[in-house]
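Look for chain A in each of the two complexes below; its partner is chain B in the first and chain C in the second.
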Partner chain A sequence: MPRARWPVTHARNLTFAHLWFGFIAFGAALVLGVWQMWSRSPLPAPFVTSSTYFSSVTAHGTAMAYVLPVFLIMGFGYFVAETSLGRPLPAPRWAWSAFALGVAGALMATLTIFSGRAAVLFTFYPPLTASVFFYVGLVLVVAASWIWCVLMMVAMAQWKQANPGRPVPLAMFATVANAVMWLWTTVGVAAELVFQVIPAALGLKAQLDVGLSRTLFSWTLHAIVYFWLIPSYIAFYTMLPRAAGGRLYSDTMGRLTFILFLIYSLPVGLHHLLMDPEQSNAFKFLQVALTALVSVPTLLTVFTIGASLEIAGRLRGGRGLFGWIRALPWERPLVLATGLAFVMLGFGGFGGLINMSYGMNAMVHNTSWVTAHFHLIFGGTVVIMYFAIAYAIWPAVSGRAAPSLKAQRVQLWLWFAGMMVMTLPWHYLGLLGQWRRVATFNYADPTIAAWGPWVVVSLVGGVILLASGVLFLLNLLQFNVQREMHAGVVGELYAMAVHPPARVPAALNGFRLWNTLVLVLMILAYGYPIAQFFVGNPPQALVHRVDERR
Partner chain B sequence: MDRTPDPLDRPWRVWASVAILSVFAFSLLFGFVLLPVIQGRAAGVDAFESICRALGIRPGSPSGRQPETSAKAQPTTRVAWSAELMDALANPEAAGESVAGSCAGCHGRDGRAVDLALYPDLAGQSAAAIYKQLHDFKSGSRRSPVMAPLVQSLSEEQMIAVSAHFAAFPLRPLPAAQFPAADPAIEELVARGDAARRIAACNACHGEQSGGPTEAPRLSRQSREYLAAQLHAFKSGERRNDIYSRMRSVAQPLTDKEIEGLALFYAATRTY
Partner chain C sequence: MAISEEAIVRSELRWAAIAIGVVSVIMLALIYAGLVHHINPPSNIERIDPKTLHLGGEFTEANLGTRVSADGQVTSRIVATQFTFQPRCIVLPANRRVTLRFATPDVIHGILVSGTNVNTMIVPGYVSQVHTEFTRTGELLMPCHEYCGLGHSEMSAVVRIVPSEEFKPDAEGKVACDAR
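Right after this comes the complex of A and B.
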């Protein structure tokens, strides 16, 4: 028997390094998150002042929203590029340079936050202006991810050249969709940072146009959520059907889903500015209407994944209308995580419908409802799939078999339970009027006192999440005590489609057409909303530094 | 090697573009024309005006009348912070010495008050904080039988120059006299305030880091008597040049003992 080649070459160490860095940042941010919940609760928490609280929130947001997803997506992307294309990664040296750049940037931003010079939260809130090192650190993280985007596109282009006429494997097609989308996405925040915020932080500008900076940030703000989400969808479409013991119902549906995410992630950001006066009703309406179209890829996915699981369930002997659900191998972490992620996506999706409705948004906009919503969607649906992805690829990355599936299942269930216990009362508190972006509450006030018990329940959820996070890191460490595997033992990760595509139209095998359409939509949807700030004499805000000592 | 274009390439290109642009056109028609016109009609706004408002090239909502008010604004202060003013305070055109001569009688040549029991120190204060008070004395926002007549003759440039002049002097060193150890209850007020009485933390604006409003003055090593007098004046409402009544609402629930404690804390502290 010929010795099997290890399926991952350069990407093995790259993935290992990226995922571990992301998960360590995640673990630290989790501790901060629990402390923040504690600080907002009626129970007396240590170290609470407004400045420690807002520094902590800034660090938590930066680690969770930028560092964890960027590093996970980069690491997972390198892995997908080698395993799905069956070729070594082009230019691994560039990939390592990007890693070094990203780590340097993340450390620079973190040190600035903990020196108390960047309490501006992770969405920046200009005209608040932090130390320039905070912003430059984040720019380095984004620059690192840009190198990754280029590497992904080059890997796909080289494969297409070597395999003319053949469809790019879905996992890689989706990864490149995410890379292309991320390049578009980061243009908004990069313009905000480079032309407005960093010059202000350097003292070159005494005032800036907050309307413009909020509009530019909105460009990034919705698409970044899909950037976080796409690895989960890659797992749903390409890894889950195999883990469940079946096939993917439709490869084309998968391609369409990722394309629709690319198109409808970008010209929709104004729905984050529904309460902002600088944008007009008609443009808000337009972008909300386009936002609603995310229902199309979402429903395509629910249908396709449902159908794929049904195939698996029936192959495993499931009978009747719902019998196939029971027949699914729920003991496998990826299947379990998907089930739990769909439940959280259901709750989170309904919450999102409320947020995108102008009138209802007006009532919840500045309340905890919004914070609870994005914790449920990102921390719930997305992060639980990050765990599942890590568990699924760790044997191939570490070269060791999974130690205990039971410990993995317990961890996933704990995360689900913690997220539910934390976010459901949190949503309710938002409906009661609990405001967000606040360090402490006066529980002596009778109205606020009634919130107390729910905040404590929410804090309990946070503690469960912390326990689950610790267990997750331990589960990954547990791989080290296993024996090393032979290369031949590493199973195939990706599912076959029921009808594997022999050829696909160019539109479903590349991004040229879709990039053109995104460009057209962006000009139409964001052209005037941005151009208006350069006409006449719009009001400017004084730069307000938070990093100066008196 | 098969490089012939797929027969589906062209229809995909065409129909995908048609589908996406149709959805866009539908939203455009609905959001830019139909909705504003229908909403505008209900509010008595004509169609053209409604569409202009929806686009954002005319102010107002397409679905409602513009509110009217006959209330007259009564600003608590007439200072408006602008980039030009901040720049002028940082780089004053005129020299401040000539004006400063007439301040020196009370506030000292180097901005250190000749009698701390009667006058505040100006040395080491921010130029913005000094300017704000001079401007308020002149406009009548802050009343003082002593200061008001003195500032009437000052021009805008002179106020800017003299503010920057005194701001440049170093803070008074901590007096040699031993102060009693700080009271933990007072430190709590400084760091966290008292939510039960709706008192914001002093540090929220006057902290070690300049997070507060532009005009928030520096408090450390300021005259104890002056600080206490100002807190009492805010508490009684006698002094009212604080925008949004920030200081009045903070001082109102303070007890006399707390006012004394806070004044002592800041007089003896090094870092705020």
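Right after this comes the complex of A and C.
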């Protein structure tokens, strides 16, 4: 049902607050990231001690992996709920409480890190144990996101009740798919924190089962990537076809893609433990096979979005086999960002296939190759689409038009260039055997000395990324120089499908069936790998605190 | 819009079949590599108590380093501990099947050997085991590759690969770096 104007009521301030908080954390984390690369390079960096370095890595990872995505996804979710469903958000007071909770948690974790009592990195592998305030801070951030999940589900349920038999708009369907997936995803890390890590940090436990904690963390560690990624896919499916001047090729494929993400991103986490001694080859192989299947929704997306863009290109007069590509409106930031995101997704996805390839993982595990892979997927594909989403919805959120699309395009190109210059050398260094997670290298060693020039090249990429990040924040601030238009309304944002669905089967309009399937798959994939730690008498490791006063 | 809904569904299904075909080829390649070339991850679930591993059994100090058993098997045992390896240098012969066994008394570590596919996590509570064959001689780096605390960046060892004629076990079958 096309409408000229979409109301944004509660979501306006909510989205504004959430996105700004996420992006400020992002900006700070960028600075830390560049400094960390400087420290690892042959160039002499200031302030480097092992304590400052590993506190910085912890802060960088926490801000980028937890704070930025959680806040962006919450803010964008509120926006999608109101604009796609065309009704005010239920219980905005709860949304603001969640925001306050998340901000308090993020600040608590950050202060603990910078007091030097949480140098455990964002993965906090026990038995290394930080100050309890670090973990409680993280729990508060996750608790905030849980409130958001419930609000999204309630919003969809209320809309369905008011619109019986009608298909939930794809943008909202995908947002709720992400909320449902995130609830499943966080079960693993929540169990690890509540039953193992926090009791250890409080001094209630002197030892814990490390095999179990690693397995529980792996439960969360892969699906969290799809949590980060789904806003990008929402933009691909629902916003991009309109921005390009066309239509979505298939609404049904969009629904199927998000359902496949829900199903296959969860029972695959053991591929993060391929080099671990506590899991058997049988379950490693099973989850590798499921991991291979998670590439299917991405391949489907590449096709459906490619076809949608082709429709747009041909409508704009593009001819021939590839002529439609040139005919696309690349001057529009969302179209440009998608093109760049697809290139980075291509490189990152290829690297990911190597990582998940069972025995082949030995070639790259814990080398810079892996760092390069997840910076391309998260920092590349995901974050460039976060920029594009912010640019696309900011007119509605701020009530002002963008002052300069050119500045937005320059920023996106800089981000792409920086990401390429940084991660291509990292891939190469990883193949040469450069390991990750150290503060400095001994460049007097001839093997390591040969890596030096490539490390410096990647540092240049990092500086370009920082420049792009600063320009992004300036571009958002620039909206303020524009005169305020009609506050709280937004023009047509979401694309129509070529054949808009009048009705869809219940299975494609909700998640009950798929939740059952997830449960079955999780029992199959993680049942024994977790249960094995409760039979026999698995050895425990002594807690090693990193927060004792020196 | 000119294209019919049926045509769209057909094209999507065709593409889905291609995608599943690609995934199947990758999986077949992995199965082939695992079964025929024995390229598998290190996964010998072998428990060991981290609190007592130095007191008795194979990871006591006298047993560490490279040892050739009576039947000619070459095994190197290494303890990874905050923030060093014991021993910090091991000798192994080139072009011969060798086994590396690791354990830790404290926190999670991990190793790779530069320029090779030797790679494993070292998790307290478990013995990590890697079988390999080194093809080039010389000194290779074996750093700790998982963050294990503030001294992590300095934690590194050396793997010295020697031609098999220079690989000479002593009377007990031991070969050490400083014995040369």
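Basically, the second predicted complex is superposed on the first by the 540 of 550 C-alpha atoms of A that agree within 3 Å, B and C clash if a C-alpha of one lies under 4 Å from a C-alpha of the other, contacts with A are read in each partner's own complex, and residues count from 1 in each chain.
Just so we're on the same page, a contact is a pair of C-beta atoms (placed from the backbone, for glycine too) under 8 Å apart; a residue touches a chain by one contact, two chains touch by 3 or more.
From a predicted model like this one, the values you see are computed outputs, not experimental measurements.
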### Query
First (chain B), second (chain C), both or neither: which does A:Gln279 touch?
both
### Message
For A:Leu521 in the superposed arrangement: first (chain B), second (chain C), both or neither?
### Response
first
### Task
Please indicate which partner A:Asp547 is in contact with in the superposed arrangement: first for chain B, second for chain C, both, or neither.
first
### Message
Is A:Val498 touching anything from chain B or chain C once the two structures are fitted on A? First, second, both or neither.
### Response
second
### Message
Contacts for A:Ser51 in the overlay, against chain B (first) and chain C (second): which applies, first, second, both or neither?
### Response
both
### Query
After lining up the shared chain so the two structures overlap, which partner does A:Ala289 touch, if you call chain B first and chain C second: first, second, both or neither?
both
### Message
Touch test for A:Ala206: chain B only (first), chain C only (second), both, or neither?
### Response
first
### Query
Counting only touches as set out at the top, which of chain B and chain C does A:Glu192 meet: first, second, both, neither?
neither
### Most chain A residues touched (candidates chain B, chain C)
C
### Task
Once the structures are superposed on A, label A:Glu82 by its partner contacts, choosing first (chain B), second (chain C), both or neither.
neither
### Message
So chain A touches chain B in one structure and chain C in the other; where do those two contact lists coincide?
### Response
50-51, 119, 207, 279-281, 285, 289, 293, 440, 445, 532, 540, 542, 544, 546
### Task
Flag every residue of chain C that touches chain A in the complex, lowest number first.
1, 3, 5, 8-9, 11-12, 15-16, 19-20, 22-23, 26-27, 30, 33-34, 39-51, 82, 106-108, 110, 112-129, 141, 143, 145-153
### Query
So in the complex, which bits of chain A are touching chain B?
48-51, 116-117, 119, 164-165, 206-207, 263, 279-283, 285-286, 289-290, 293, 440-442, 444-445, 503-508, 513, 517, 520-521, 524, 528, 532, 540, 542, 544-550
### Query
Can you name the residues of chain B that touch chain A in the complex?
1-6, 8-9, 12-13, 16-17, 20-21, 23-24, 26-28, 30-32, 35-36, 51, 53-56, 61-63, 81-83, 86-87, 126, 191-192, 195-196, 198, 201, 203-204, 207-211, 214, 218, 220, 271-272
### Task
Over in the complex, which chain A residues touch chain C? Could you list them?
50-51, 53-54, 119-121, 125, 127-128, 207, 209-211, 214, 247, 249-250, 252-253, 273-281, 284-285, 288-289, 292-293, 295-296, 299-300, 303-304, 307, 311, 353, 357-363, 365-367, 432-433, 435-440, 445, 447-448, 498-499, 532, 536, 538-542, 544, 546
